[in-house]
Amino acid sequence: MLSIENVNTWMNLFSEQLLEKKTYLSELDTAIGDGDHGNNLARGAAALKEKLADNEYETLTDLLKDIGMVFVSKIGGASGPLYGSAFISMAKASKENEELDLAGLLEAGLDGIQKRGKAVAGEKTMVDEWIPVVDAVKENSLTPEVIEEAVAKTEQMKATKGRASYLGDRSIGHLDPGAMSSSYLFKTMIEAGVYDG
Amino acid sequence: MKKIINEPSAVVDEMIKGMVFAYDGLIERLPETNVIHRTHSHNGKVGLVSGGGSGHEPSHAGFVGKGMLSAAVCGEVFTSPTPDQILEAIKVSDEGNGVFMIVKNYSGDIMNFEMAKDLADMEDISVDFVVVDDDIAVEDSTYTAGKRGIAGTVLVHKILGAAAEEGASLTEIKTLADKLVPAIKSIGVALTPATNPEVGKPGFDIGDDEIEFGVGIHGEPGYRREKLQPSKDLAAELVHQLKKEFQWSADEEYALLINGMGATPLMEQFVFTNDVHQLLAQDELALSFKKVGDYMTSIDMAGLSVTLVKLEDPKWLAYLNAPVTTISW
Amino acid sequence: MKKIINEPSAVVDEMIKGMVFAYDGLIERLPETNVIHRTHSHNGKVGLVSGGGSGHEPSHAGFVGKGMLSAAVCGEVFTSPTPDQILEAIKVSDEGNGVFMIVKNYSGDIMNFEMAKDLADMEDISVDFVVVDDDIAVEDSTYTAGKRGIAGTVLVHKILGAAAEEGASLTEIKTLADKLVPAIKSIGVALTPATNPEVGKPGFDIGDDEIEFGVGIHGEPGYRREKLQPSKDLAAELVHQLKKEFQWSADEEYALLINGMGATPLMEQFVFTNDVHQLLAQDELALSFKKVGDYMTSIDMAGLSVTLVKLEDPKWLAYLNAPVTTISW
Amino acid sequence: MLSIENVNTWMNLFSEQLLEKKTYLSELDTAIGDGDHGNNLARGAAALKEKLADNEYETLTDLLKDIGMVFVSKIGGASGPLYGSAFISMAKASKENEELDLAGLLEAGLDGIQKRGKAVAGEKTMVDEWIPVVDAVKENSLTPEVIEEAVAKTEQMKATKGRASYLGDRSIGHLDPGAMSSSYLFKTMIEAGVYDG
């Protein structure tokens, strides 16, 4: 069930998780990027927790928009505009269609990411986490295993977008940090009961 | 990690404070942002904005001032700044005739600067930009994020800055930039990795006797790892790569920038400069502009890069030589 | 030793070649010497000569040019240049009204520059000099060779250079120098030692978590070794030492130079600058001149120094701000 | 016996010795100075060998003067002016008194060093090698042991002149590099038969 309350819970759980996994995410990024993914998201997470604690929301749209703006303005790097665009896109979609379900919302989020970053499936980015999750939510078959499998699959991919693409074949054998952080997003989504398939 | 810092997460803020204190006649910090802008009087010139992750000092704030940048946006270390910050830089730089942005070719930078442009559009500020991708270490293919922007970016600041100072319009600057950027090529070599203070350990591993050709300014991988070798041989390899790209012939006119990565002393930079000179002199290039020093660093990386600009237009040389008032040009 | 060099014994020669190639409009090498002199036209000003061992780049050649030094003599790495070379620098700098030498207080430098003065006397060139000993890490006692000359020397170049440019006579410059030097005090801290290329290994041992307060620019020992600590605490210690010497009170006017030792990136220098600023602001000093960067390095040492000049004469500030045409000021 | 020929031999032997001990002398200087004493003297030695090979000398004065000039112009640092002044001083003394014996000559050399460097006995410098040697030559009692003892004594001295003085008490326990290089000067003087006491 999608509600202001459980999206709020979701985002708090996601933020906690990002802060907890900060070092791990940066380590993943050290292997194939520039080692800042955990620190970038931790800045976003800290700001988001504050934002949510300080505000009451009347509509889901307002809440999603604020989440997007915090991500855009606090994370930086590649992941900031991407996570930011995802939530701003969701906010727009929820405004256009108040009856939109979670699948529709996440689809809009994925669309926002792909419009911004131009990545398609198989390029070893967070998109490779989002696509299978969105599909599973549509089919009402999302489980933690689906989420974990998707991130695990990035290990064997060769990066052709983002900083990891400079490694060419050497990017193979490492998990994508952005896919990993997105896996936290979706796991906490289940935990918070936003997905109750 | 052995560094003169306090809280790693406060490095950018404290660095900006130090910079603004030290050069208070020249630059100012826009309150509550990480934007540094010049103090000299506004007079209807096109504004020039650059920026990116911090860790490349003196880039970009060191080039803010009369004749170069109007403002620089300082992201977190090695992390693109966010669109709201870039928007503030655009606003403070706008003197009524639009703002031109110089963006280095990294996914993060491009997305954030593009978003900032969208925001500026909504505020009716004309914004255009160029993406600098001078690093020939990376092949420009659909399988990578494309060539990276490195030290050549500083020469773009200088040349566009002089054009803006001369009163060029936004369209003229865009035309100039689009012609200039493809004429700039750079390539580097690293002896040691940089340590991002927030990460706390070196960005890559490299043996005590190893070097890496083509490393990026955030420690992105290069094209080949070899044993440490004399400066002459490093120069030969880097010049060879540049020659392959430019396919130059005798008497062609170039500008040369030898850029230190942060921990390589001037002593080594000048020894290397001498070796590069020998090679370029053999090929009888006309080097009408030369500069050596730390311009686009990678925190405390040891290494350097060579940039050449084919001076296709005599104006470019005049622009390179035009006087500026900045901290570091 | 991981350095971008060729033959270690050729480092100085090749470095000079690189420097002279890169800045050929500004400086020239006196044939068959290690003397670098300025190209700008001679017009009867008092000549200003400095120099010393190499390894302190951009000192001293980076400060040769209009408004600063007439010539710089580059010794071997960390080794005073010889009298014959200094004599050549004196001769090329003499415009008919004498030459003033700025010498750092090291036994070798003093003996060699004194011998050069004797030689110049025999050629009827009036030569005078000042010995800079700004490093307060060393006590000035009969049990040492006295306080050492470090980064403050660059400010002596600047102030005397502006006076010479203004047409001050040799006697006036000597008077100015004798008043100025005691008003300059510096103190440094090192995180890592320098490696002289000819020696091939670090000049001293220091733990990965240790720093040394008061190290000299040739790796001479400091006054205390401690564990690595935040920039704030380093600043507190160094400012404390300077305060003890100056015994300053509120509203007194000072010039500030934060100097990088060669391998410390600007990022750290500016963080540290911010900490120094906080402390000096607490004491309400008027800091009317500030400069941050690599001015007097110790090859690839990581560390920095703080220099304060008590601006006892308003002219000194004007001299510091006077325009120059040099590579590195 | 003092002759142009054996001073020539002496200087060639001294130069050879300096080149051979270059690293060792620099190591001694690393401990209490700046690690360049061996390199400095090696530059002087190489230049001196060339100079002597290229020239014929008519008088001892000319020979001594050239030696001094090579040292002054090739060594640099503190030791250059000191060794240079020693030989220039000897040249002057030999000119003033053609009958001057070795003791008188060395005394003039020591005087040159002390005028230039202002060091007296016990300051842990080359002067602590020169003084006992000059005394022994005067008394016709110079032996390799005298030379070695003098340099050994610098180990327990505390430096109060030159770069080593910055170490204060920490300079104790190390041999003085300049005293060591001077010990080579005097040993080769015996070898070359210049001293035949």
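Worth pointing out:
Labels A, B, C and D are assigned to the chains in the order they are written; within every chain, residues are numbered from 1.
As a working rule, a residue touches a chain if its C-beta (ideal position, glycine included) is under 8 Å from a C-beta of that chain, and two chains touch if they have at least 3 such contacts.
Treat the numbers as computed from the prediction; the structure is a model and nothing was measured.
Distance from the chain B centre to the chain C centre is 29 Å, each centre being the mean of its Cα atoms. With centres defined as mean CA coordinates, chain D is found 54 Å away from chain B.
Averaged Cα coordinates give chain A a centre that lies 75 Å from the centre of chain D. Residue positions 77 of chain B are each in touch with at least two other chains. Shared contact sites, meaning residues of chain D that touch two or more other chains, are absent.
The touch graph of these protein chains is an open line. Which chains touch which is summed up as A-B, B-C, C-D.
By the touch criterion stated above, chain D contacts chain C in their complex at residues 26, 30, 34-36, 39-40, 43, 72-82, 84, 116-117, 158, 160-163, 165-168, 170. Interface residues of chain C facing chain B in the complex, by the touch rule stated above, are 2-6, 11, 14-19, 21-24, 54-55, 57-58, 62, 77, 191-192, 197, 208-209, 228, 230-232, 234, 256, 258, 262-275, 277, 290-294, 297, 299-300, 302, 304, 328. Only residues 9, 53, 75-85, 106-108, 111-112, 115, 138, 142-145, 148, 196, 198-199, 201, 203, 216, 218-221 of chain C touch chain D when the two sit together in their complex.
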